[in-house]
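Shared between the two complexes below is subunit A, which pairs with subunit B and subunit C, respectively.
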Partner chain A sequence: MSIVLCRIDDRLIHGQVVIGWGRAMAIDLIILVDDQVATSDWEQELYRMAVAPEIEVRFVTLADAALHMADWQSNGKRGLMLTGDVETMATLRTSNPEVVQRINLGGIHHRPGRRERLPFLYLTDQELRSLQLLEAGGAIITAQDLPTTPPVALKSLA
Partner chain B sequence: MLRLFAVQGTWNYERMLGVGMGYAAEPLLEDLKAVDPVRHGEAVARSAEFFNCNPNLAGLALGAVTRAEYEDIPGPQIARLRTALCSPLGAMGDELFWAGLVPALMGAALVGVVLGAGWWAIAGFILAYNGIRLWTSYWSLRLGMQSGMRVGSAIGASWLPRAIELIGPVAAFTIGAALPLVAAWYLTAFGWPAGIGAAGVTMAGIALTRWFAPFLTPVRFALAAMIFLVILRRVGV
Partner chain C sequence: MSEELRGVVVCHGPLAAALVQSAEQISGLSGALIAVSNTGCDREALEDRVIAAVNGHPAVVFVDLPSGSCLVAVLKRLRSEQLVKVVTGVNLAMLVDFVFHRSLSPAEAAGRAAAAGEKSIKVP
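Our next item is the complex of A and B:
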């Protein structure tokens, strides 16, 4: 099928991703785009434990993701592409705007410099500006932690 | 170990279990103070940063991270270990406890009540659930302390994955056994009309929760149905 969800979540693969979105959208492929996890066997082992065996998990670097996104769009699987930060998703959007059309802000948590925008979403002003630029370029961006909660438009997070 | 019982005591969106983990880690990190006071300060601060998982398996993360601090693993790597542990400990703990053990024991307790065990069945449920929960917390902390950065392999080789596979069918069996028994127990006194009404509400629930998924979950439907039935009763229908 295609990449059906592009999500930013700094907890990476966890229950909301696998059960919340995975079951609701019948996901059978999770692509985690993270340069550090892509080269760390012990981290991959831990993230795989959270996923049912029938769901394929791929750990890829940002460079590999940019190269292969078009293939994933037509490989017959329903994919969820996941990044841990805004910057990585912005780069993916620049690489292939057709694949990264809609961006789901699923969970970005507290860190010095970030401000609470929603209970599950903390952003620095710079991160918010990056997202606004992506939206101005045609991306559709909403904050929504689970499919059962209503999506919140980016413009109401400022 | 005792401090792990309060791991959710300061739950908040900013750090979730983080402060509770820091509170539980503080005595475990005490010996580091004499060896390396600077490292001790960093370790205590790190232990209270954002963290989230199923509280019953939090001991695995607490133990593994504590051991990693004593083994002088670089701070950024320990932070990544904490982040990576959120995922499997959340998913595995939720499957084992919330989707497995709790419904399995509740089903068994309901069967016990219907068959005449009364309050003994309720007491058995409370004792069994809390006994398993306490033992799992103890086991988690111990395994985490033994394995440190190798905690992923240790979890994979433990009883946990097998228990998760088994508990799902057990829960389905006990709930499947309890539902008709409890329904018959409740509805016998009201005769056929009540049975037909209950079957109608069940069928409507199955259809509507599929039709309006994911917004209309079974829990939301059950709450709406209960409110609807209370209103009908109030107006005398």
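Our next item is the complex of A and C:
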């Protein structure tokens, strides 16, 4: 199989990811792309505790992810690739558009400068523009916190 | 301890507020517990909410799940604090025990509360 979900979620590995999406999509590999967590053993241990033992979890830097995405695409596992922000996912898409074809906006919460687009999704105008550029380049981008809720198209978030 | 402990309850959604309200109704003591919800915040905002609730006081922080965003947010900035202890799997029994033992050290109060919480789980 391959990377079956590319998700942006600033809470990283948590219940919606593991239970909501993980079960529904029969995920058996979670790849967290986050430079800070990739260097923090104690945070990795905490995030791993949220995941069933049969699911493999990898913590990688952005640079490592760009190098290994093609391998994950063909390693026989159903993978979920997760970033905490738009910029990181945009870089992954640029590195390998074949792997990052669809992007799920799962949870991006309030910060100064961000505006509410959906209850679980706040974006700055710059973040929205970055996503619109990715979509103009062929990516399919929808906002959807859980598989049981309807996806919302990016163009309706402006 | 010269200063009574503060209890901070950090949970998903509205759970913390409901637990605090219920603990106050049962114990008759108010003001000992502060509820923090993760609703509407990213990791940094949740860390800020927790830090504001503890506000430099000796405290026990109760978290709903033994993993996930709430626990990460709590431990990120408090795990090296000597006067703050963290207990996961919060339930009503442990909060009620805690509010009556706030003059203990954080470690002692956390240990007591965890034991009370565990003891309350039964299959009658």
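To be clear about the criterion, the second predicted complex is superposed on the first by the 158 of 158 C-alpha atoms of A that agree within 3 Å, B and C clash if a C-alpha of one lies under 4 Å from a C-alpha of the other, contacts with A are read in each partner's own complex, and residues count from 1 in each chain.
As a convention for this text, contacts are C-beta pairs under 8 Å (C-beta built on N, C-alpha and C of every residue); 3 or more make two chains touch, one makes a residue touch a chain.
Small disclaimer: the values here were computed from a predicted structure and weren't measured.
S.K.: Go through the superposed model and pick first if A:Arg78 touches only subunit B, second if only subunit C, both, or neither.
M.R.: Touch status of A:Arg78: no partner.
S.K.: Please tell me which partner, subunit B or subunit C, touches more residues of subunit A.
M.R.: The partner that reaches more residues of subunit A in the superposed model: B.
S.K.: Of the partners subunit B and subunit C, which touch A:Ile19 in the superposed model: first, second, both, neither?
M.R.: In the superposition, A:Ile19 touches subunit B alone.
S.K.: Looking at the overlay, does A:His68 come into contact with subunit B only (first), subunit C only (second), both, or neither?
M.R.: In the superposition, A:His68 contacts neither subunit B nor subunit C.
S.K.: So in the superposed three-chain picture, is A:Thr148 touching just subunit B, just subunit C, both, or none of them (first/second/both/neither)?
M.R.: The answer is first: A:Thr148 touches subunit B but not subunit C.
S.K.: Based on the superposed arrangement, let me know which partner A:Ile108 touches: subunit B (first), subunit C (second), both, or neither?
M.R.: second
S.K.: Applying the document's definition of touch, where does A:Glu43 land relative to subunit B and subunit C: first, second, both, or neither?
M.R.: Touch status of A:Glu43: both partners.
S.K.: Thinking of the overlay built on chain A, is A:Arg11 touched by subunit B (first), by subunit C (second), by both, or by neither?
M.R.: both
S.K.: In the superposed arrangement, what residues of subunit A touch both subunit B and subunit C?
M.R.: Looking at subunit A, the two contact sets intersect at 10-15, 42-43, 46-47, 49-50, 109-110.
S.K.: Once bound in the complex, which stretches of subunit C touch subunit A?
M.R.: 12, 38, 40-45, 65-69, 71-72, 75-76, 79
S.K.: Mind pulling up the subunit A residues that touch subunit B in the complex?
M.R.: The touching residues are 10-15, 18-19, 24, 36-37, 40, 42-43, 45-47, 49-51, 109-110, 116, 119-120, 122, 147-148.
S.K.: Note which residues of subunit B are touching subunit A in the complex, please.
M.R.: Contacts found on subunit B: 13-15, 50, 52, 80, 83-88, 90-92, 94, 149-150, 152-153, 155-156, 161, 213-215, 217.
S.K.: If we count contacts the way the header does, which residues on subunit A are in touch with subunit C in the complex?
M.R.: Subunit A reaches subunit C through residues 10-15, 42-43, 46-47, 49-50, 84, 108-111.
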